[in-house]
Amino acid sequence: MCWIEQSIHGNFPEFDCLVDRLIELALEEDLGPGDVTTQALIAPDRKGAAQIRARESLVVAGLPVAHRVFQKLDSQVQFFSVALEGQEVTPGSILAQVRGPLAAILTAERTALNFLMHLSGIATYTRKMVNAVSGFPTTIVDTRKTTPGWRALEKYAVRVGGGTNHRFGLFDGVLIKNNHLAAVGSLPEAVRLAREKSHHLLKIEVEVTSLAELEEALTAGADIIMLDNMDEATLARAVALTAGRALLEASGSMTPERLPNVAATGVNLISMGALTHSAPAVDIHLRVVG
Amino acid sequence: MCWIEQSIHGNFPEFDCLVDRLIELALEEDLGPGDVTTQALIAPDRKGAAQIRARESLVVAGLPVAHRVFQKLDSQVQFFSVALEGQEVTPGSILAQVRGPLAAILTAERTALNFLMHLSGIATYTRKMVNAVSGFPTTIVDTRKTTPGWRALEKYAVRVGGGTNHRFGLFDGVLIKNNHLAAVGSLPEAVRLAREKSHHLLKIEVEVTSLAELEEALTAGADIIMLDNMDEATLARAVALTAGRALLEASGSMTPERLPNVAATGVNLISMGALTHSAPAVDIHLRVVG
Amino acid sequence: MCWIEQSIHGNFPEFDCLVDRLIELALEEDLGPGDVTTQALIAPDRKGAAQIRARESLVVAGLPVAHRVFQKLDSQVQFFSVALEGQEVTPGSILAQVRGPLAAILTAERTALNFLMHLSGIATYTRKMVNAVSGFPTTIVDTRKTTPGWRALEKYAVRVGGGTNHRFGLFDGVLIKNNHLAAVGSLPEAVRLAREKSHHLLKIEVEVTSLAELEEALTAGADIIMLDNMDEATLARAVALTAGRALLEASGSMTPERLPNVAATGVNLISMGALTHSAPAVDIHLRVVG
Amino acid sequence: MCWIEQSIHGNFPEFDCLVDRLIELALEEDLGPGDVTTQALIAPDRKGAAQIRARESLVVAGLPVAHRVFQKLDSQVQFFSVALEGQEVTPGSILAQVRGPLAAILTAERTALNFLMHLSGIATYTRKMVNAVSGFPTTIVDTRKTTPGWRALEKYAVRVGGGTNHRFGLFDGVLIKNNHLAAVGSLPEAVRLAREKSHHLLKIEVEVTSLAELEEALTAGADIIMLDNMDEATLARAVALTAGRALLEASGSMTPERLPNVAATGVNLISMGALTHSAPAVDIHLRVVG
Amino acid sequence: MCWIEQSIHGNFPEFDCLVDRLIELALEEDLGPGDVTTQALIAPDRKGAAQIRARESLVVAGLPVAHRVFQKLDSQVQFFSVALEGQEVTPGSILAQVRGPLAAILTAERTALNFLMHLSGIATYTRKMVNAVSGFPTTIVDTRKTTPGWRALEKYAVRVGGGTNHRFGLFDGVLIKNNHLAAVGSLPEAVRLAREKSHHLLKIEVEVTSLAELEEALTAGADIIMLDNMDEATLARAVALTAGRALLEASGSMTPERLPNVAATGVNLISMGALTHSAPAVDIHLRVVG
Amino acid sequence: MCWIEQSIHGNFPEFDCLVDRLIELALEEDLGPGDVTTQALIAPDRKGAAQIRARESLVVAGLPVAHRVFQKLDSQVQFFSVALEGQEVTPGSILAQVRGPLAAILTAERTALNFLMHLSGIATYTRKMVNAVSGFPTTIVDTRKTTPGWRALEKYAVRVGGGTNHRFGLFDGVLIKNNHLAAVGSLPEAVRLAREKSHHLLKIEVEVTSLAELEEALTAGADIIMLDNMDEATLARAVALTAGRALLEASGSMTPERLPNVAATGVNLISMGALTHSAPAVDIHLRVVG
């Protein structure tokens, strides 16, 4: 049976074989034929309890994944989330309690924490970005610059952090980028072809690098236009020029400092690859308590 | 057939099914049932060429992985590495040339770059840490705090960056940590049990948090001792106390600034989780050139 | 754990990894990274109930498969069969009740119905063929002309419809066909070789296209003889000629209208590829009722 | 390496692990531990040639899949397509030539033909439906009522037949159906939620069963509206009422006879489940010719 | 692509995914994340050559499997069989030459030899048993007492040794054993049920433990009768009693010494589990020669 | 979920995907599309009970694996171990009781017994070897000469028999063998390279064939030295020469008779490939009892 994701909003089950395969990869690479230290030191029938705690301020994300890791290793391990997905916690806060065979807890510890530290790192970083544009009607969205194998989990962490997801992959949204335009040779022709050949439930987004291209895209009837690497003045002119005829997505060279200024230009969305490829891990540890 | 890793030193083949499964996960999650944009815009028989370039200064790592990504998508794509694994390059440098069916190049682009940007990020960050202790006989080693699913690749990137690998996982080295000691209740007993129950080709490492525990570990005959979260003064006393009877590994709260001071204490190894869990991605892009 | 088939006769468990892999393929191809509509509209903790109903007269087949589909998506979904496998039902009949997380029910609906509509279509069509020869001691058997990936399920639906299975595949029965005979060049030599080289628990069947070949096959000691594309008069002469020395299987160009006449010739078996490759799907739907 | 689909338009490679897994299922279920007949009768070093021929008029679809089947069984088998995907051929036409180890050709024959007969059956049936609305600007689209495991292949066969694909699955298009509306309780609220929670590259389609609901959907701003089971008069009034504010898709109880009348109402799209779930297989066979 | 078995008779390709999965298991369990010794000592670009030699008299079986092992690890390794499958060789004989990247040769060595030593062990032991009944028309057959995971390979080694295969598994032959008879309660009823419910290409075999049961089985029309654990005198009476009405298979407590006496009773087949579960490995080694 | 091994010492769970994949291979190869005999004879709702008994004196190993086999086939089968892993039992002893659906019990019987007979065979043989050196401080260790696919299970059976495991595979211990030395050309250089390039938790073992090489290895600082194919006199001189500077492992041509003499020389370990590659299966059967 594949992975059942527990969403941030409750218990909505989501079948995801890729996530489950990632968790199995993670356990296989760490355990190989066995945890030689724990096997030598911990009697197999010994029970124990442990706490998972934050060592710094962070936004929690990934407890259902940590739960799944322990459960896969040994279905007798019980996992109780104490914190909620998306909750901001202070250093020392207990995130979860774990009970059951002590050997299994110690063997799964590192893998479970590695998931938690990375996903909470993304949620924490995303929260900061979202807060940076609070007060503006601007949406912070992620990109396809995710860690290979982690697309679903990292996009989940972005949502947990308060961000919004862009398309999932190459298959559920049309986004005509520079390399496509160079190959086709004409922006209007590219938009026309995309409209004709993709199914009728998909909108068309085009990446432009100048206001001239923006006008061309608007005329061609693009639904969304990505403004690549423009400064705030240019973005503001783009917003004025567009006048609501399409959604505008600003992209490229976004830093926390720039975000309020970019949001102030009136663009609808700001996309940031750093949400998923450069958020540092946050510090979380597991301590046996009995 | 599983993955054949091309090592930094040459063409030594390494069979690794886990890495190959990760690459397949990455392609499946991004492509799903197909790249709707490229399918709409690029004629299937069109050929093209592209360059992969660095957009900042970085240490290159992961070109064989990028090669494998293109090859898996379409075996007709040719990939020529221009830079060497481990080479430091300046912004704008060409890392690789790609030639073949243009649609395949555009569809694989993002996945290949996601691998390259993450692995080169680790190599770049590791190189900085290794340089910070140059002149000292200290070894910078990684940890098991790796991105789940990426253990082999991230440890490879650490080597490419000039770092040294610790044990691969739970199965190829005995490391008795705080939680184990708490469970056993006696450090000497823990060392004795580990020696008795693990096979005769493995050494025994113990984590200690005080000089008193260090003495206990030395008396128990530990081969390696991890000094957890000690300041430089304590580390220096630990080195003096040990007097070569065991290898000493400093761990915890390592920052680039501290590294030279820690190295100066005479510890043999410094282990850093940040090498693999918090190195930011570096900026690399692909541009169609014909 | 692989698939446990619930047979038509009761609960006999049958381990079948191929069927389970087919169900996973079906869920993966439909869900991909998630059901965007249901995720947007249905709260994850909402429970619901639904009925699966026939919209036309049909023979029921595949309820255990539909059960398995819901169970794979979310183990909290309860599935109660109301109709029995093999039962003939009228339009509007309730086939099953489903209860549990509403989102999971709606997400699995289409996949479960697709299995049910196809398998019940085969059972319904087979039942008609079996009824067409009622009163004759003739057996209606299927062929290897099944939908790739569906061999076990479609042969199950044939049994549910009242038909009889031929060999499962290339491995559990010797059937020497025209192309084999052309290659060997001699029917008696082909029978001899097959007897010598296959294991002693297998009988030998040969396909013939004329009465002359039939005589040759009888002389060679074939256990079963397939009479390919013969008209009723020829079939009757074949039965007389054989006089019980071998089982006779009529094959080719069978239509519902011809069946009684073919059965009247006295052949033992009639094989029909259409049972599995051309039975139209029957109309079954799912309606949320609470 | 996963499946590389050869599209109808040329050689555009498409990575599809699900299709490849289906082909493997098909070979495993038919071959099991081996083809006992062929192993007994055909010397392993014997070479041979065969032709694949149509036995009735049909539209060809699936030759690249047949090619892949032979190739998977034995990479020494050569496969030459004679007919083009999408070509209408007469009875007796040669579709492909196969050359290589005779045993492999005979062992793969049935599986390859089973794919070809089913996919060509869908293309042939789709072509008839598309021809039935020729002269109208109406698009014939498929549905998610596909054979489980076959989504990509059957949608490919629909395109080959001249039809157009609807969304691929639950993940690349929002379609609010009756069961969703019943659960939400309000069509406008359902549209609002779908717009808010799905990503910005997706349009919103709603299924309605009356003109009153149609007005509600138009007011709510639905991009596409599915008109479920309406007669031609009602469809015509729906078209007039909509006046181009949304795309209209007629669905339910479509028969070849009704199609021109439905198209004449002015709806934009007609969707038919029968394209994929009830198209009968067409007759194609393989004959050894040397 | 799954395994292509090279049969003893030539190059007949046989698709076998289970064997291929076994070879992958074997490589994964031995290599894990890498061969630390070879990686440390052998430069990756170094080429080498090696010989595989017999260290005792033996019947060769498994060279194609050894070939596959090297090929899976590194496709650049070339493997040349010097001995033939089934050939009896003297100590010191060269069985194969291997050339290519030296590191790959050393890393694959043990896995390849483990396959060869086990399969040649079975072939060697089988040859002795077959020779023990030479001059009699008795067939030595194997059983389902094979090493789990190895069914196809061990049955292949039996054929290579000159033995004959019984049914492959539970699916391609009906064999009613003691436990079945105890459950049904009546031998004739068991035979009748088996005939009725299994497909028409399968014969029926029954296990009996006395001459009274043998008569019952003959009357019931069993095609083959297994005589379980009978002494030579009883076996001879069974042969006389049967008078050619069924094939007779002697089974249980067979030793090399008894074989000629058992064969002399006139039974048609003698089945021996020891062929596959207790044949000792033979000694084969690999030596680097350049 | 992967395999949870129940260790000899209790219930310590060990995640092992490779073992689980082996069990699935075993069931797939034996069952294929179904057990035709049991399906024909045993009603699916019939319950039953059976005993697993030893037919000869043996050391029990593998009951948790047999348990897993029944559980995988049908989770309703209950399995109660009567004997303990490692227990020596007499002929006729009950090893386990099995209860549940009779059909499932009969279908899984052979696969479960095949695991039990092989693993108990290894434990029984190992126990004899360990007993042969009782009174000496010598350790009997296994090798990498295991049945491909069975590494973890066979090493487990060795432990159950009282033996000790050597390294698991190529990845968790450095062992420089003849072929490596030949390639490097210098024993001291090989030891130096291995020390430098392998991680700091691994010891270094070297294989030597003469006392001269032994001295070289001692000087080079090898931690363990394998004495290959030496007679007892030479082994005794090696022990004297080494004087505790390294562990000594005798290997090659070990027979039960030689073991006490070899142990008497004072070597620390004796390694025997025969423990895993040539231990004959022991006789265990299953009998339905109700």
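Order of writing sets the labels: A, B, C, D, E and F. Residues in every chain begin at 1.
One rule holds for everything that comes next: a residue touches a chain if its C-beta (ideal position, glycine included) is under 8 Å from a C-beta of that chain, and two chains touch if they have at least 3 such contacts.
Nothing here was measured: the structure is a model prediction, and the numbers come from that model.
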**Item:** Starting at chain A, fewest touch steps before arriving at chain D
**Value:** 1
**Prompt:** What is the set of chains touching both chain B and chain C?
**Reply:** A, D, E, F
**Message:** As a test of understanding: of all chains, whose mean C-alpha position lies farthest from that of chain C?
**Reply:** B
**Asked** For the interface formed by A-D, which of the candidate pairs A-B, B-C or C-E is equivalent, sharing more than half of the contact pairs by residue number?
**Response** C-E
**Request:** Measure off the straight-line distance from the CA centroid of chain B to the CA centroid of chain F, and report it in whole Å.
**Result:** 34
**Fill in**
CA centroids of chain E and chain F: separation to the nearest Å works out as 22
**Message:** Report the inter-centroid distance (CA atoms only) between chain D and chain F in whole Å.
**Reply:** 52
**Request:** Quick one: report the Å distance separating chain A from chain F, using the average Cα coordinate of each chain.
**Result:** 45
**Prompt:** Touching two or more other chains, which residues of chain D qualify?
**Reply:** 18, 28-29, 31-34, 36, 39, 42, 107, 151-152, 168-169, 171-175, 199, 202
**Asked** Taking chains as nodes and touches as edges, what kind of graph is this: line, ring, star, complete or other?
**Response** complete
**Message:** Show me the residue ranges of chain F that touch chain C in the complex, using the header's touch definition.
**Reply:** 24, 27-28, 31-36, 39, 42-45, 72-76, 101, 103-104, 107
**Complete:** Touching chain D in the complex, chain A uses residues 141, 164-168, 171-175, 199-203, 205, 223-224, 247, 269
**Asked** Of all residues in chain C, which touch chain D in the complex?
**Response** 18, 21-23, 25-26, 28-42, 46, 48, 50, 102, 106-107, 109-111, 113-115, 117-118, 121, 144-152, 168-177, 179-180, 182-184, 190, 193-194, 196-199, 202, 273-274, 277-278, 280-281, 286-288
**Request:** Enumerate the contact residues on chain E facing chain D in the complex.
**Result:** 1-2, 4, 7, 9-18, 151-152, 168-169, 171-172
**Request:** Spell out the part of chain E that touches chain A in their complex, as residue ranges.
**Result:** 29, 32-33
